[in-house]
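One chain, chain A, appears in both complexes that follow, with chain B as partner in the first and chain C in the second.
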Partner chain A sequence: MSGIFASMLDGLLIGSIYGLAAMGLSLIWGVMNVINLTHGAMIALGMFGTYLLYSALTTSPYLLLLPIIGGGLILGIVVYWIAIHWVIGRPMLMSLLSTFAINMMIIGTGTALWSTSPYNVNFSLPGLTIGEYTFTGNHIAAASAAVVIALALQLFLSKTRPGKAIRAVTDNREAAELMGISSTTVLALAFGMGIALAAASGALVSTLFPFTILSGAVYQLKSFVVTVLAGLGKPFGALVAGMLLGLLEGVVTPFIAVSWIPLIEFALFVVVLVAFPKGIFGKAAS
Partner chain B sequence: MILKRPFFWLILVISGLFVYLPLRGHDVPLREDLVLVAIAIILASNLNLMIGYTGYVNFGHIVFYGLGGYIGFYLTSERGWNLALAALAAGVAVSLFALLFGLGILRLRGAYFALATIGILEAVRAFVANFNPWGRSTGMYLSFEAYKVLGGAQRALWTDYYFIIFVMALSLILSLRIKISKFGLGLFAIRENEDAAAVLGVNTTVYKAVVYSVSAFLPAVAGVLMFYKNGMIDPFVAFEFMLSLEGIVMLMLGGQGSVTGAALGAGMYERLRSTLLTSPKLSDFHLVIAGGLLLIVVLFAPGGLIGWLYRLVPRSQKVIE
Partner chain C sequence: MKRVILFAFLLFVFLAPVVLAQQTITVGFTVSKTGALNVDSLEQYRGFELWRDQINAAGGIKAGGKSYQVQFVNYDDESNSKRVQQLYSRMILQEKADFLFSPYSSSLTATAAVVTEQYGKIMLTSGAAEEKTYKLGNHYLYQMFAPAMHYLEVALDALKSKDPKATVAFVYEDASFSVAVVTPAIDYAKKLGFNVVFTEAYAPNTTDFGPILDKLIASKATVLLGGGHYTDGSTLARQLYGRKASLKMITLLVAPDSSQWVELGDAGQGVMVPSQWEPQTTFKAQYGPSGADFEKAYIAKYNSPPSYESAGGYACGLILQRAIELAGGLDNNKVAQALDATDITTFYGQTRFSAASSDHGLQVGHSLVLAQWQKDKSGKLSKQVVWPLAARSADMLYPIR
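After this line comes the complex of A and B, so read on.
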């Protein structure tokens, strides 16, 4: 019985990282109605960024989160000006395709640089033993970091002026502009932050599992599932939904083969989309 | 009347060339190049029915091709069915599957629909990767008996090639036929404004489900023929998300909503990809180049090649559908 408990707890820890990745996707969707298909590539860049920095500096990879987040923010703003700004307000297909084009270019360059063979960040913190089960220190540290970043984002959105501007633009872009908010700056900032979150979640994953340049795709798909569970455009709900997804994985792992999990997740995804298009936490009307 | 359209005859001539050129010198390498182009054209023109005609972005179009491939593979290899019969059965089965799912997910619009199609693709792939009779994640190999029925591997591959070209011609004719029909007009109305279309008496639910189902049929048949030719199948080649997205790139390149655009984009992209992949210097960068090309098209020429041609020579719309 305690085996399930341990597995659930482990799922919860991993789930907070799914949640972090999904928060970025959700933020971008909420502010500018763009489904960011570069997300997987950015998660992968976060992994490789951590790998490269760690190889060069050999400090704790959790300290390296700061430069990774900063780099993600800048990269996101650059990508916004290259590929997003011009398709805002055009049909959905256009932003899907322009972000997908950036995704192809990043994955292509990454494959050329690092091939598709696995890398790993060779770092481990002492674990925590409860009874007969040991939780690795990295899992605990990564999950804590994810929660801290998520709380920081929530504080930023609710307390600071730029954060409030982002929320205003999310609610109603025209009205926000009439109140003197430069929506272009806000969109660029929000996109940058979304990418920074993706990179940060990639950095955290890289301390847990080996990864390749293509690994981001798995987490991008999980982010879709999580974002849809939470309701598109609800960043904090995404963290909770991420943990729920992790918990679900933890609950079923002891009973069925791991290879069945994607089927459960994606079937759930489609069902939730059709039955609750506003997410399970979503309010009925808007 | 479709017979009065010059474009109809153009389709027949081009398909004829696809058959004649490799046959003339029994040129197998040329046949192998053309078969990839033909498959790309089949996938892109059927995808065009959803994206270009109806305005619904289907990210998981490849699921029809993969499922068709699996069903056909199972029927020809394990059950000893005739290839044509297996292809037909797979097409019908996949179309029914699409109709069923279409009625569910086509209530969603825009991005929500696009996401649901990704969900279906991934769910089906995960199911097949765990499905015992279909060899789970290692897939299946074709039993050699399946080729013997058609007179040995060599002759079977040529017969299979003619089938594929036939399906390519059917895909183009189907696109043209729908474009000039009342059904097609209803789809265009849905694309422009779904609510207005519904008010004006287009039964949008039925139209969308039918076109989703129709767009599944020929890709499923193509899947049967292609995997029969390859002699092996596994969940990762059959349900490749990248291939699904590349179909959209082809459409954008050529010009969505146009029959020629879909075919031209498919042909060009496929040739470009083959050239890049086989070139020793550029093979690593084929994704970068394809991505850059897509970005340029999206930002500067959203009508694709055909949109550009229509603007340049407006009269060309009469001949090039």
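After this line comes the complex of A and C, so read on.
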């Protein structure tokens, strides 16, 4: 196997996690028009949730995804009622400030509890070796879990009654309310689901790399790039865009220093905003 | 008479604290209790702390007919240079620190040195190997570590003896210390006739080495040199092992010296580290405890073996102590003169500072060894000195896998 194909495959694996992380941001953005600045902190909480549960239960961290998603959903709904509900429909700056404040509270509390020293989830699965290159079992499992969660979300949104309600509120909140849908309940659920997705992506990242309470910031930035690439409010598009972003990283890294990658990603961010303001999947989704 | 007694009493009340305070030496420094430098910085701090506790238990530093108890003022710098700048100013101006020890790492020390020089305060540095800071015309800065340019020379010399045709890659943290180590090491490798097939610096907060490792494997390098500090170095070693990179030799800076390295298990085996000091290095101490006594006291206090950061921290205290004794007190300039004239061997090895104005305070007496993590007969990982041959405690394991 040549180096570039190995690099591309690596990029796809990590890109699926970028995609999952971005799905939460995209869902919240699309449904309630809120740019959720707690996103990075929630990803970090997913990492620490996995670490704490794994330390206590020593079971597979992939099984721990269920309590992490459940915990994220509940936390998201609580945060919605505390900080989001009161600013829905008001200028976007209000929700930005509100979510930023919650983000700072989580970071501050997390720093006090766990410091900013790195933590590891010491769990490893056997990898897959092709020629000279080995793809770790954790990367493969994390990417697979990300795709499964994304598909489950897609099924939930398209096949279930609450999922259809979320889509209805996304399309036209007033019309949905006239049809008897409680938009407040739907918004709370959507925010909870967005946070659950962020926490799940954090849980998967924790099985791959060391992390601190500040580690979510990197994935939050990548989530913005992916969300813009996919088009605002298109969760499944975010997964595909995340994989494309990972693939792009894989294609370019053999030729340039890795430290140039953020520059390329944010240049792409600007180009997409200017050339495709609705994202590369904008037309199809609309 | 009453007035005289009252006057004497008031004089005692007001002057006693001043007189008593003079019996205490305040040494200030920051510790990275949190952040990326936490592991290495804590080990350095333990060295400071053990020295303080031992010297105070022995009655303090005796100079000019007085005994001085050592007290510390220290704060968490969060591995952040902005905090270092604020805290060193605070320790000098508000806490009235008599002398300073450096924070951990070259970059944080460079920031601290600006402040200590501004106020003309002596600072002994440990864990700060980059030469540049000592070439800025500083007058009160003294380096305990052998300079950065020598770090990888020991590894390349050892490699030359084992495999002169090895192909070498350098993957290292894009931070002042590791850049200062690797830049001359690349030249040295070429001078020794090695084919340097891949070099890349990574951001200090890197956790995903996958893209770099793909390039490393594609380069067909057989030897990897580099790293930076504990967090990135241990992550790099884990990911090299996870990806089954077929390297014959891995030498990383700083990280493998920590006793926490055993937590890496098989991923840590065979990895080498250029070291400022190892328990196996036996120097005949002209001053202070022997290496065995230091190691024994350290293990008794912390229940883990000392690293070279710990030894460097303790040696900072010893060298400052000796300079105060020779100066006969706390006068800043007299202590600086004593430090300038230092040429002594302690358990840590030789210490001598450059007196030249071009690089005043640079360490010119101390030398490095190369240590390697090897499994003993019971399968337990332990660190052995493998280079130079005269100082080795075990043969070098090559290839490592």
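Definition applied: the second predicted complex is superposed on the first by the 282 of 286 C-alpha atoms of A that agree within 3 Å, B and C clash if a C-alpha of one lies under 4 Å from a C-alpha of the other, contacts with A are read in each partner's own complex, and residues count from 1 in each chain.
One rule holds in what follows: contacts are C-beta pairs under 8 Å (C-beta built on N, C-alpha and C of every residue); 3 or more make two chains touch, one makes a residue touch a chain.
Keep in mind that what you see is a predicted model, and the values were worked out from it rather than measured.
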Combined model on chain A: chain C and chain B, fit or clash: fit
Partner chain(s) touched by A:Val87 [first = chain B, second = chain C, both, neither]: first
Touched partner set for A:Thr184, first chain B, second chain C, both or neither: neither
Which of chain B and chain C A:Asp10 touches, first, second, both or neither: second
Touching partner for A:Leu273 - first (chain B), second (chain C), both, neither: first
Touching partner for A:Thr111 - first (chain B), second (chain C), both, neither: both
Touched partner set for A:Gln154, first chain B, second chain C, both or neither: neither
Chain B versus chain C as contact partner of A:Asn103, first or second or both or neither: first
Contacts of A:Ser144 with chain B and chain C, given as first, second, both or neither: neither
First, second, both or neither for A:Ala257, with chain B first and chain C second: both
Chain C versus chain B - closest C-alpha approach in the superposed model, Å: 6
Intersection of the chain A residues that touch chain B with those that touch chain C: 111, 257, 259, 261
Interface residues, chain A side, partner chain B - complex: 29, 33, 35, 82-83, 86-87, 90-94, 96-98, 100-105, 107-109, 111-112, 217, 221, 224-225, 228, 232, 257, 259-263, 266-267, 269-270, 273-274, 277
Partner chain A, residues of chain C touching it in the complex: 33-36, 38-39, 78-79, 174, 200-203, 205-208, 210-212, 214-215, 217-218, 231, 234-235, 242-244, 246, 263
Chain A contact footprint on chain B (complex, rising order): 51, 55, 57, 104-105, 107-108, 110-112, 114-116, 118-120, 122-123, 125-127, 129-130, 137, 241, 245, 248-249, 252, 284-292, 294-295, 298-299, 302
Touch list for chain A against partner chain C, complex: 2-3, 6-7, 10-11, 14, 111, 115-118, 122, 124, 127, 129, 132-136, 138-139, 208-211, 215, 218, 249-250, 253-254, 257-259, 261
